Every structure is written in structure tokens, then in C-alpha cells.
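Which chain is which? They are A, B, C and D, in the order written, and residues in each are numbered from 1.
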């Protein structure tokens, strides 16, 4: 396999990495520039991808003193998984872009760090391979509805068989303007990347979301999921169903009323509508709309444990990290991803201690403004 | 004809152009720097031209999911034209500055893309030539009142004969501070540029709005149109009359009461009063002032389909693009303008799909903030 | 006289100057860098000098259409002068820093442009020389109270004899932190500069506000004027008395109650307290405090006719330009100052025409926000 | 002793220093870059350290005129010290990082400038040496609770014996993310630095807050002080007890109710929680919470006398300077610190005079916004 877009990953953590965020820069030495830009950037001019980060930087966490935080922990129970900590691995497609081992490496990191991994429909490894590598750590399967509903049904059945604990339906990536800077730098989707989960379904295998083809757009509105699709999915599985890609409070309330397990607030990391608001801004409105107890995750813009703290303070039960796993994966494979997760957890623990929060629940009443 | 300020346009679209906005940069290779700056810049220090763009960037579009947008379209009916899409070609003077074929090329692009073209009084080609090239696509004529009212009357008569469907009276360009940077770069108005529509009226032909002469100012308050001029115009034609260059809600209401067909909110692309607010900001106030149904167009700052979406969300029925046509014209003539329009339409369609809007009317209730 | 800090002024206006503001940059070619920085900068780190400019840039002027502005003018009647236009020459000390002819050149420019000049106590030419050069154009005398009150009294008597129409008492420059950047560049106050007005009063002559001496501070609180000083001044002259250097609404109201002719809102161009708010911001509050009719001038930050418009819209009856006259003086002496004033007037006229204002009074109700 | 991270301090003040703030830049010539960055930076990415400065720059001081400020002074009486001026030397650890003489130099500067010095538990010189050098000027002792409470008790007893007038308990530095940029530049804590106060207590001596070790974190939540610790301390000493490191109004009120002498609002100069708000912002809220009379000091971000003025206007009784003493110490030892303090006092006096404030109490009602 030709992986010329990658430098070999290392077997130990570079000394320059002291904060989780350091993976952002160090990864540049391990991935070619066009490929890095494809991973790092957003659709169009990348406004939303930038906004996702800025929304965190605008907030501060007020320290507290003399608070008793003995016996604290970072546990959270969600439909589909009880977690030791609130940081999930987001469903990032085609992880062989970052490391030859792809999602298997990521899953191994999930395993050793008690992290919930969300495997993508568009993974380079099969969902069965990922499940095997993740072993007994919690794992969810991200589902793109397929044009042929029999294939969708089969994917869900396979996820159940492989031990996935929840289905995550992504709704927000039906149409995209390509990442302008990545294309300008000459990014082309490597030919060897294949959606392994879909290979067995002849002629159906969807290629990645972006390509160097002459058409500006790809994917078609015909692919957009409908309430009927959700209805059928619900009838076919007893797994909890999460919806990923919700940004509007009205949509969130409607999905809540529909009886789904929970919502992942996300703008697809700024890779869908360039010009969408930061997901963190949407989170606050959606938490207000659905009440205190409905399960909400936040995806987009997490670069530190302080960011995790901020997202929880604004209403998230847990968060997903996407690009961060790709950066860490490119640097040191499973070791890198595990290290990145450890740093995020340590940074979160520090923020909790300094803000006087013993549990994630305490964070909700912290002063973040 | 000496067109040394232009590089030859190309016969195919450069690969670097994937978004409509890419024409802004690519055009730099096709026009000399002083001339590019004259087109791109605004009066004085260009504050308003910059503000026009920034006003769009400050807004976000909230994505929606699971909305039924089947059967959607981008049609809009305006006084003087029923449009397949809400993007009009603004009346830009002297288009031979961007391409030897001038407005004829632009009109051909309008024809093949079902776009309404607004021909300028100060066009390099005659209004009759433009109408012929635009064929059966919608077309409006932009009118500068002339000192000799007989000439004004004759221009209107000619526009009617040539098949123009509306008259657009520009009110905001009576006095200008020149584009400081363009002059600094040595911009001089090319001698061969002539206001072809006016040539037949001896000694009346107005030269362009800017020149390298020693006088800082040009044009005179004596030229400023009055209510009497509008009264006379209305008595002389049965075509719908639009007013271009309105920024204040009180002015808008007064023109509405006067019974004119509609208003184009515009600060002349930042080429009149340097220090005027962004036209997008004025749009919101004017829409509030004139009610939901009075026809309003927005001119100034459109660089993408997302921008078109935002303008419509804030109250516009449709928008005009000025500099964008000059950039595209310089790159590939009629082909470039048509391609730029197609990109804008595709981007608008994506924004509509991702924001769950089936029609332009739906956009009005989208969450843009 | 050694004027090595100056390049010779020119006899014609450089072609690069098309806007009044262009003098800011062009002057760099006519004054050595340390001296330019002394003129251009503010005290300390120059925060207030910068804020003075930024306050204007944050405001926009909303254009109007179809307004009848025939018969418009820019006249304004103030206590101590009836002015053809609302732009006064601020009392800038030691103008030989900018041109060998000093204030005589400035006064000649005032004469030919119908501009009111405010001569400084600390002028390089005597107040009598300045009055002679200004001829029959309006002129005011700026007074620093002297430690010896007999000298103060004599200065006022001389001003009356020389035909000055008002006394402007400066209150805000008793203590200064020096311009850090100017000193860093090596600025030293030229030895040949002398306060000509004060030379006759032996041992009293105050040197300029800044010097390269080892002491960080100069001037002493003992010099700070008191209400008693104002009382005595009022008893000694029948000329209208303006107070310059007021920034707080409470101070303004107290001075109004005391019965003084008017107030010049000023932070000494950012040359006194580094960290004071922009004078334009103070203007709005002070106008609210003193009511619509009390005479108020604005000093600080004017670089264009649009700025003059904005100041008047926020409550000023007229404005003073300080650094602008030094820049123009350095470039072309009296010719430069006259040209700069003409450009400001033209720019103001354009702003008025485009904003539909026939008189300065109309500007008060213009939409500036 | 190997002090290769330091250039020799000078015996006279460099001419480039005219404002207190100039020490920030000049110090770069006297400390190696990694060490300078360790002193200058904050934890993590330094967001809070930057925010501390920005909070001052966003505020302005409105000048006043004609106010009688005769007989003014800068005195303030605090629990534990009556001060000639409101600028204290913050407890900065290991000052031999800036000068071979360490805290002895700083204490000498305190002595000659009537400044209250707060000696750190983690000082390079012993608290007895510091007290001797400070002679009869006011001095406080900053206390880190030690794991072995007998040591804590002994430290307090020693402070009492040495003549310290108050105990300052630091609560906010239990956990830190290291200064990322300093480590990247290669900063390592010099081996020769020792916490001299603690050396006598074998095996207990805490090393500095940061180190080049492989662990990302250091210090442990077990070290976090509790209410019990405060209770015991109060029972063991009759000295006034100040609490340093409070940022939340609820914490401040609770400490006030507990009966402590006063609070130092501080985020540890941005060296604890990266992402905490600026201490100046917290000050305003805490002053509102504790009422007008409860003693409050402000620590963090002071670079000028104007900053001192602003802090007092927002509710501080006095301020502490930390990094500034390290910069001045590195440049010229005791002479530098004394000069820096003199400049701050002069700048404060100027601000008071120009804002019409005769006393610190007057500053509270000044217009700072």
C-alpha cells in the first residue's frame, strides 16, 4: 500500500508534547501538507472550523478555593455506555489517512484508556475489526443511511453482532463545499482508501466525502435521511439511537419528542455548512431547549481538558474528539491516541480541581463565562 | 484598441476556481494592479467597501436536519422580471475595463444562466447591443438622470424599445471621493473608454466616475436627482421603476409611499460615501421599515451563495453582484461570468438544503444571526 | 538657525495628496523620524492618541437620497467668531518644529481659507506676529496661566490689543508622561526653540512640554489653574473665555454654570493622561450634560471631512485640527496648511451632500452610529 | 554558583527606561530567553496571563479639571501594615532566577522605598535574611501549608519572630499545567535553586512549581489546604491572615464571614488555571460581594501607575506587583526594583493629579470605564 502522504509514526511520544493540544502542531511533521490540511480544515473557507475553536477561547473558568473534592471522579452514564470519563472518540472516516493501521490503532488506544470509540460507517477497517481491537471497552457504531435500505439494515445487524452498544446516526453531511485550501494544495483522495464496511455490498460502496474531481459538489439531496428512515431504524434495533449533527433547538426538541436516546450537537467539525455557528454556541441553546436531563454530547473544537470542562459547563454530558485522534494517530499510532486521551483527562482533572468540582455534575454549576 | 491593462482572458475555467469567491483572487492575474484596485476598492480609504464584506462574515447560518425540501426551487417574482434564481448582475459601468467584449460578454452569460442583467447608462456597449446579447433573458436598464431631460427621456424610450423590463434609477453616486489606493498605484481612466449610450448626444457624454485629474472631486450637486425627476420619469414610462442606492429607512418608506416598484439597498459598493454603513446592515432596518412584502434587493458584498442566503434571510428578495462579474469577466469572459453565476447558485442550493429551506420564502425564517 | 530635523518644504502640493489624511504619511518625508514621532505620538505608550482615531473609525454615516440641499452652507456662529466653516486650527506649540516659518505660515493659511486660528502661548512666533499674518481672519489666543499672574494679565492685554477675539484657557496639560517612542528614537527638544511670547518676561519663559532630561516628569501641580484663576481672568477681560481640556460631564456642567463662553472637549491629543478615553466619546456625554445649545468644540482625532461630520453629529459646533496642521505645514508651509484645510472642507461638503445635510445644524440629526 | 541564565545586572538604570513598563522589555537583555519566558509566561498556553494585561488596557481613566488636590497622598492602612503607597511586592518564589542576590536585593529596595514586601515560603533566601534586609519597612510572610503541619507551625513562628506583620496564605497553586513555551525553549529549573526556608526540615523541602520532568503534572490535590488548616493557623497566630488566590465572589464572602483579615484577588499571575478570567475582572465582582470596606488587594497585570489607579478604582485597596520586580531585579538588582517602584508611584501620582484625586479613597469614585 502506498502511503506516501504519511511519515512513519514513532514508537515513543515526542518530548515536545506536554499538552494534548501539542499534537495539533507536532502532527504536521507526520502528514504531508495537503493531507494535513484536508484533516485540519473545514469546508469552503473554513469559517465554521475556526469558529468552533474560537468559541472555547472566548470563555473563562473561574477558579474556586477550599472546596472539598475528595472522592471525585469523572464518570458519566449515557444510554449505550457507562463511561470512566467523558471523552469519546468521534467517528472519523478513513483513519488510514493518518496511520497505516487506521481505526485498529485507535481502537487499541480506546481499549487501554477506557474510552468509548464511535466507529464510522466509512472506516478503513471493518466494524468487526474495530470491535475486536477495542475489546471490552465501550463502542458505538456511526451509521450513514444507505440508498439501499437492506444494506442499512445489514450494517445495524453487524454492529449488534460485533457488540456495539449504540447506533449514532449522522444527519448533517449530505452536501458539502470542499475544503478549498486542501484542494489548492493539491490534495487528492488516495486511491487505496476503501470503505471496508461497504465493500461486500457491490456497487454501493460510497467513496469519501471529498474528492479531486471536477464537480464541485458530491453527494445528493436524495441521500438525506428522513423521519421514515429513523422510524424504520428504531423498529429494527433495540440499541439506543443517538443523532449526530443537530444544531438547532427546534430540531433537538423534535428528536427528543420522537424518543431518541440522545443528541450529539455537531456541525461536522465545520466540514458541512461553511458559515454554520460554533457547535459550542448551539449547545447552550439546545440544552436550554431540551431541559437538564436529556443526554447531549458536544462535538467540535475540543483541544484541551479545559475545553472539555467548558463544554460540560454549558450543558454537555460528554464530548467527542475528532481531529485530535487523527493528529495523535499520525504521530504515534495507538500509543499517541492513548497519550492524547491521557493528557485530556489530566487537564480535565486539573480544571476540575482548580474549579472545585468533584464530579461532572458539579461542573454544570461552575462559573464559565 | 489598446487594452494594456488586461491580460487575455482564457477559454476554460482555471482549475483553481472551485468557489465563486475564488474569482476574486484569480482575477488578479488578468487585470493590471492599478485597474484591479480601481475595481476592487472603494472611495477614499475603502472603509465601506470593507464593511460590506465584514457584515456577511459576522453572521452564521444555523443548519437544520430532517426537513423535507423536495420540490424546492429558487424562483422569485419581482416587478419587472420573474427570475429562476435571485442573483442579478448589477449595473457596472464600462465593463471593457475587465474584458474587450465588455457588457456583451456579460449579457451572453446572463442569457445562458437565466440571469437578469441590469445594464448601466455608462456601459461601454450600447444598451441595444446588450439587449441583443441577453436575448430573451430578463433585463433591466439602469438610468442616470442627464442634465438635459430630453436625453433622459430618450434613454428610457430606447430601453423600452430594446425590451428592458424595468428602469433602475441610481441615486447615490452624485459625489465621490476617489479610490485613494487605485490612484496611488497610478490608475488612470483609459482614454478609449466611452459611454456608448451617450455618444450620440453631443457634448453630454459623461465620463466615468473617477479620473486622474487634478481635481479631487467630480460630478456636481446640480446633477443630484429630485422628486420632480422621479415624477417626470414615472409619467413617461409604464415600466416598473426601482430605486438604487437607498440606505436609510426613512428614505425607503418615503419612496414606498411614492409608489415606486421597489428599492435596491446599496451604498454603491462602498464607492460613494466612504464611511457609510454596510448595505447588509441597512437592509435589516429597511425591511423592518417597509414591511414584509415591499420588494427589496440587496447590493454590495456578495461573494458566495451563503452570502445570498444571508441577505435573503435579512429581508432581501434577491441580490445583485457587481465586482464578482468584473472578476469573472476578466478571467474568462462570458464563460467566466456564467461559471461564477453557476457556482453562486450551487452554493445557495447547498446552503438552502443544509438549512432546510425549500424556497427563498423559507429562508426568511431561517436562523441567521 | 539649525533645523536639521526638517527637510525643506516644497512649493507645490505633492501629487500623492488627494485626501486630507494623506498629509499624515507624506509628512514623514519632511520631518526626521524622532521629531515626527514626537508630533504624531501621545504620552506614555500612546493609548489615548490611538483611541482618539479609533473612535471615529467605529462610526458610520448613513447616506440619504433626494434631500433638497440647495442653498446649503457650513457657517457657524460661535462666541468670539463667526466662521465660514467649522474647522479651527488648534493651538499647537512651537510650530517651527514643522516649518522654519512656524506659526506665521499657519496664520497665512488661515487668512486665505477663512479659518479661525488659535495661537498658542507657547508659540515660536509672537502672538503679534501671528495676528499680523492672520490679518482679518478670526483668531483666538490660547492661554497657559503663568506662575506670575502679572504676566498672565499682560498676555491677555496683548492678545486684546492684537485683535484676538477670544481667550482659550488650557486646563489639561499640567503633568505628562513623556512620549515613550519619541524618546526611544532619540528625540530631543531643539535648543533653538523659544517661547517667543514669554521671552520678554525674564526667567519665566516656560520650555516645551517635553524634554530629554533625566527627570521623567516635568511641570508641577503647583501650576494647575484654579477657579480663582478663572475668576480673575474673567474680571480682566471682556473677551469670551473658552475652556480647553474638559473630558468629564460634571466638569463641563460646572464650567457652564460658572458662565464661561464654551468648552473645547479635548484630551490634549492624547498627550496628557495616557489612558484617557477618546475625546469623541467624551463629547457625546458632555453634549448630553450641557444641553443642545451650549457651545462645544471637539479636539482630537480629526483626519477627514467625514470625521468633522461625525463630531458635529455627536454634538460639536465645530472642531480643531492639531497634528494635521503640523503635517501639512512640514510638507508645504502655508500652502500645505491651506490645501489641507481645503481638502477637509471639500470632504465635509461631500459628506453633507451625501447625507442630505444642507447646514451644520442638519448634521445634528443625521444618522451617525 | 552557576547562574548562566543571567547576564550581570548593571549598577545604573539604563537610559531606555522611562516608564515602569520599560522594564518588561529591557529585562530581556539580562535573562536568557527560556528563563525569561518562564518568568513572563503563564501556565499552558498563557491565556490567563495575557488576559490579566488586556483587562487593564480595556479601561480608560477620565481626566478632571480644576479639582483641588492640595495635600494629597497615597497612604493606605491595611490589616498588618500602614503603607505610604499602595504598591506591594508580591511573593515571587526563587528570586535568584533574576539576580544572584535574590530576595535580599528586593528587600533592600523595599526598605528604601517604604514598600511592603511579601516574602515567599519558596524564597531562595531565608525569611530571616529577607526580614533583615527589609529592616523596618513593612513585611508580610506568604505561607504554603506544608504536608507536615508542625513545619507549617514552625514557619509561622519564625515569621513572627522575624517581625513579619501578617501571614498571606496562598490557596490557588495546588495544581498547574506547565508553561508550554518555556519548556519548548528548553527551560529547566536550575539545580542550585533551593527553598532555603524549608531546607532545615529534612525531606520536606518542596521544589519549585515547575520542572523539566517527564510528568506533566506535579503537586497533588492532597496538598490542597482546607478550612481546618485555616482554623488551626488562626489559633496559632495573632497576626492578621490574608488569603491570596481568590477569584470567585462566593469564596470571598465565605472567607470574609470566616473572619479573615482580607483577600488578595489573584489567579497566580496566570500561572495556575490557564483559562481563568483576568484578576481585574474578578476584583469588581468580589468588591460588590464583600461591600465597600472589606480589605481587598489585587494581584496580576500591573505594569504602570495607571494600572494601579484602575485597580483601586475597581475596588482594590492596594496592589501587588510580581513579574515587574523580577524584571527590575534582573536589570539592576535592588537599585532596579527601587527605581521601578519609584516610577510606578510617580505614574500613579500623575494619574491621580490628572483625574483630580487627592487620596486613594477619591480614586474609588473616579470615572474608570
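As a working rule, a residue touches a chain if its C-beta (ideal position, glycine included) is under 8 Å from a C-beta of that chain, and two chains touch if they have at least 3 such contacts.
Since this is a predicted model, take the numbers as computed values, not measurements.
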| item | value |
| --- | --- |
| Labels of chains that are neighbours to subunit B and to subunit C | none |
| Fraction-based call for subunit B against subunit A, same above half, different below | different |
| For subunit A paired with subunit C, centre-to-centre distance based on mean C-alpha positions, whole Å | 60 |
| Mean-CA-position distance for subunit D and subunit C (Å) | 43 |
| Residues of subunit C that touch subunit B when the two form their complex | 16, 18-19, 21-22, 57, 59-66, 68-69, 304, 306, 310, 343, 346-347, 350-351, 353-355, 367, 369 |
| Contacting residues of subunit C [partner subunit D, same complex] | 44-45, 47-48, 51, 171-172, 174-178, 180, 183-184, 216-217, 221, 224-227, 230, 243, 245-248, 250-251, 254-255, 267, 272-277, 282 |
